[in-house]
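Next come two complexes, and both contain chain A; in the first it sits with chain B, in the second with chain C.
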Partner chain A sequence: MLTLSAEDRPILIAGGFVLVILAIGTAYTLTVQGTASFLSPAYLLQQLQVGSFLGIVAAGMMLVILMGHIDLSVPWTLAAGAMLGTAIGGPWAIPVGLGVGLLVGLVNGLGVAYLRVPSMIFTLGINAVMRGFMVMLTGGFSPRSMATPTMTWLATGNVLGVPMPLIVWAVLSVGIVLLLQRTPLGRYIYAIGNRERAAYLSGINTRLVLVAAFVVCGMCSALAGVLLAGYSSKAYQGMGDAYLLPAIAAVVIGGTNILGGRGRYLGTVVGTILIVLLTSVLSVMQMPEAGRQVIYGAVIITMLLVYGRGQKVMA
Partner chain B sequence: MNELRIRLGQNLGLLLAVLLFLTFYLVYNSLHPRGFSATVLVQNANESFVIVAVAMAQTVPVLTGGLDLSVGAIMTLVNCVASVVVNGSPLQMLGGIVLCLAVGTLAGLVNGLVVVVGRLQPIIATLATGAIYIGLALFIRPSPGGNVDDDLSWALTNDLGELFATYGLFEDGEAPWLAPIAWLPVPLLVMVAVVLLVWLPFRNSVTGRGVYAIGSAEGAAYMSGVRIARCKIAAYTLGGFFAGLGGLYLALQTSSGNADVPQAAQYTLNSIAAVVIGGTSLMGGTGGVVGSIFGALVIRAIAFNFRIFEIEPIMQPLFEGLVLLAAVSIGAARVFRVKNRLELLG
Partner chain C sequence: MFRTKDVGAPPPFLELVGVSKRYGGVRALEGVDFACRRGSIHAVLGENGAGKSTLIKIIAGVVQPDEGSIRLAGQQVTFPDPLAANAQGIVCIFQELSLMPDLSVADNIGISNPPRGRLGLIDKRAQRRRAEELLARVGCEDVNPLERVANLPLSRRQMVEIAKALGRDPKLLILDEATSALTSGDVAKVYEILKSLRRDGLCLLYISHRMHEIEALADTCSVFRNGRHIDTFAAGTRTSDEIVQLMIGREMAHVYPDKPQRNQPPAPVLEVRDLRWTDRLNGISLTVGKGEIVGLGGLDGQGQRELLLALFGVLRGTEGEILVDGRPRAPGSPAQAKRKQTGMALIPEDRKTEGLMLPMSVAENISLAALGGLVSGPFIDREKETAAIERMVAKLRIKVGDLADPVATLSGGNQQKVVIAKWLLTEPRIVLLNDPTRGIDVGTKQELYQLLRDLADAGASILFYTTDYDELIGCCDRVLILYDGRVVRTLEGADITETNIVASSLNLPGAGAAATA
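Right after this comes the complex of A and B.
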């Protein structure tokens, strides 16, 4: 007899909804174009390639959300990683890009863990500061430096027909799953999300864990930035703006509790795929921006009403 | 003496915000070629109204320990509605204004219902409703445009004298008794009226006190018979009303509607910053709308100074971010005084 744990239900429902989206999209293309283009492997692979940028951001975001925090500095960490990476160029482009993410994550973590400033407001401030630095550096225009060949290859190349970003995402995913399931750090992250006080009393250095998770999140954002710069061959202003809210939505749709402590990484992957496919199907159906926003919001609310409801306050 | 000290301690955030604002604003005025004049005041009041309204909107849900990520979207939605309906005969215009405020309030009510009845986390629920409101705004106004009655927009974005002059009241605003107050900016008066007639009565009502109680300790509030659902829904609804007010004013100011998605997000983020600078705790329970007003004014006053010092406007985010970080880090000073680290952990 198969029993479902509380963590699995959202993943199954979200997965089912992905199939529903594909079915609706296919029904549309069958009637309008007479082809089932949504079901072709080429299309699905291409969607996964585009989705891997969001997936990488969401992976980092999930670690932070699991601790009951949030990272609003994603947009300009992503852009800063891309801009400084392309500006340096050469073999150091990618290390420098990732280093920016590490540094931002470190500052975020120190502010949240040691100064105990609410993460929502501290990362918001860091985001504004990073934006200020980048604007100062570029004068408010897109930098002219181009992505290095390695970045381009990582973002657009493929191995045996599998797009490179998808491989990067997969490797990162395996890493995150191992981190969450097989290392003390991962278990500490869940423990802090459930009750930081209890984790601290059990002898966990909660402040170090907070810093570590924010560092991983910053590096994930920067990695997405480096790949995105390779994909569009250069960095540009506001390249990260479109990733913050979808990343949070992907994590939450995947069943991770926004207050922390509960959630499985597989859910985040399914949530990412759901959002990418939803966006893609709506744009193929030539839905105007207005309708897309409304449907997007309605889907999030509906999904959460099905499985994301909180407890009633009872004392 | 003791009571005074306690009161000061409770309003430290507000005091800090007022002090910051006065510093920035005095520097601005003393360096401005036409500083300390009514013209400058009117212009500044105009530029500040929308962000002040959005900051007020954010405050009420935050007091319950929640958050409203849709304030910018509601503001934008009402802005677009206003660009369609605030026109025509005086009666039509009046109806249009009422409709605008009703749309804002209704959007807030929907937020409250989703959070309370749907039992969803406010962050994610308002993120989703915000997307819906932006979608509706885009539906009403796919491209920027629209029209707002010129007289009305002139009258409400100037000083009191102009308001009466536009409609030929009190000898075209030239009446002798009017002279001492004719220089007062209308947006400033509207804001004061909103605080006195909407916010203060709400805060002192049973529902308003419930909002603070929920933010302090929801479980305790529930056990003491506070009507949790009613208070929370009221908080989000009032937030929607304030955001709607901001959207309506933006329409008057620009004489048009614009469903600008990045701008909406920017207003939402700035509203959170204003709330925190104004001394309201993101955990809820302490602070208030007046603090957020000054928090928003601090953000605006910084921007004013950019013009005086002729710093490129593109540098603004850097300074805004630094001021925000500095303001919250001052509040973090207590971390280093706490003897038992357990007190810091939730």
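Right after this comes the complex of A and C.
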């Protein structure tokens, strides 16, 4: 008998669904064009490259969701990192961009940990504040917002045929996995997500853990912003808007409990790939935008319903 | 089937025949025959894991039996869910409270069937009147029906729970450890209520780990062990020792380990001077010496819990001095209290919400507090961690199949052992315990008493709050009686008797004089 832990099940289901998407897409292209373009390495690498941006945002988001919180300031943290990074330019572009993310994460973390404002409200407010700041800074003008050569290289270059963003995502992923599985901080993140009070009474500095996780999340958003600016060769307002909900969806489809305490990082990676492929296959199949949205939403809900079954064991 | 001993007696109200239940590979109940009658209080006894909880859950419709049948007043019945059992007049008061903390007392009491006015809307006034009546019936006129449940102390919440159960007009009332959080005054009230319900012809199933409650209340006792129904007998026909033997299936040695003889007081480790916090702590001073077990007694809610939380750095805005080894060390948070120079550990009151991360593994729970010391570089040293965990599992004899299983799958006693193991790994010098034996079986309790004494003998200082007078008498070198946030009396040696504890708990004017005389 095959037994699966509660964490493995969603990952396998999501992984299986990725294959289903590829199969359907391939069947479509075979009948319409007579080629299996979805299975070509070039296409898959390109999808992974596009997926890297989402994957990086989702990696940070996962830490916050694991604690039972959420970070809704992603869109404008991402945009601010990109915009301020490109505005400074030169060798300081990337450090400044990441610094913006660190700062926003710090404010988010302090607000949630010390002021005890629910993260859903606090980060939503910070998102609006950041948006205001960015509009104020640019003042309707378009300042220098060209990506630096380093940013462009990080986003579009490749090493031995592997796209750079994919490498950045992979390095970040190794870091997150080590953090979650091998460090006390990672264990504390799970502990807080399960029962913050018990974690606090176990002598864990829960506030510090909350702040640290929000800082990592902010920096991940900013990193995605910096890369995305390099990819599209400039930063612009609203560039982060398309990343918030897909990032949350990727984390949750990967089996992380939206209420915190449970989930594996591999799931978030699979969830990211699923969302990127689904979007791409639907657009290749020339599904109209409205239909794409319906299918996209339906898939997320269906996956969660499937995971929900079998979890009544604990009752 | 006709049984000769039933002749003349009324037929049982509830009858279970050949009921079995398995959870995965674990056999929770095995071929259980069980019957209880109207107009009687039927005690169900057994260690944790004996199958009592499963029995109750089957009767209340929470889980369904794999085999066997249930008959209610002679009719075969099945309960697919608790609602169906409720409809037949089966009402359960569970050990874990089922009240919504943010709703008012009246809302909670009326939650399943609120009185409705015109348009089908809830008639708030009628609901409040009804709550008042029910609260008066359980002798809790002092509880305001409009108060939020979260603002009530645990013992009052338990009384509200009983009032809520009575509001459902039960025919069969199940009380699962329903008195474990009650003060002695409330326990007396509950006794009266239960006796009057018995006169009204209700069938009462009573589960408790407290032998004297069983002696005071029960008409019939049934003992369970390892999922089997061992014996049923009329109350009073067996001594408590015999009953305990039936429960654990082995001879009981001394329940409490011997106390050490001291010629002079031990060197003080923890000193508290004039500790104050809001109106709950009104100037507490105490010392706990090296190797000493000091008990905190008194009625429930006299500041004992707050005292432990204040010492552990949980409460904000405390005044007064806390000294460890003669140096001021008032911790600002549990993280500070845990540090080596203070070396405190707190076994909290509610292991399920304060002590454990239930879905996380046994191993992760045990190593959590000491994790900072089990690292090499930035990473957790897995060999060190595993070694430490296994040392604790062996030392405390924690019964666990796989260390990777969620801690929620363990029995209550073993869960409490995990909480203690977590703190022993930090090698604490001062151990604070907040009612650690609540809802734990007799065997595990004994092990805990021995463990506390071993810790003290190894040099730890222990401050032990318990609602069970027996434990104060059996375990503690000294007992401090708290009343209204003050230490009103210190009992030592042969003075630690039930009479003295009760008398000083009530802060009777004569009690102090009698002691000094």
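Following the convention adopted for this analysis, the second predicted complex is superposed on the first by the 300 of 315 C-alpha atoms of A that agree within 3 Å, B and C clash if a C-alpha of one lies under 4 Å from a C-alpha of the other, contacts with A are read in each partner's own complex, and residues count from 1 in each chain.
Simple rule for what comes next: a residue touches a chain if its C-beta (ideal position, glycine included) is under 8 Å from a C-beta of that chain, and two chains touch if they have at least 3 such contacts.
Because the structure is predicted, anything quoted here is derived from the model rather than measured.
Set against each other, chain B and chain C differ in how many residues of chain A they touch, and the higher count belongs to B. Of the two partner chains placed around the shared chain by superposition, neither chain B nor chain C is touched by A:L160. Contacts of A:R131 after superposition: chain B is touched, whereas chain C is not reached.
Of the two partner chains, both chain B and chain C are touched by A:Y200. Look at A:A42: by the touch rule set out above, it reaches neither chain B nor chain C.
Residues 195, 197, 200-201, 314 of chain A lie at the contact with chain B in one complex and at the contact with chain C in the other. Residue ranges on chain A touching chain C, taken from their complex, read 178, 182-184, 187-188, 190-191, 194-195, 197-205, 261-262, 314.
Residues 312, 314, 333-335, 337-338, 346, 348, 353-360, 364, 368-369, 371-372, 375, 378-380, 406, 408, 422, 426 of chain C touch chain A in their complex. Every residue of chain A that touches chain B in the complex is listed here, in rising order: 70, 72, 111, 114-118, 120-122, 124-133, 135-136, 139-140, 195-197, 200-201, 206, 238, 241, 245, 248-249, 252, 258-259, 288-298, 300-301, 304-305, 308-315. Within the complex formed with chain A, the residues of chain B that make contact are 67, 114, 118-121, 123-125, 127-132, 134-139, 142, 218-219, 222-223, 228, 262, 265, 269, 272-273, 276, 282-283, 312, 314-322, 324-325, 328-329, 331-332, 335, 341-342, 344-346.
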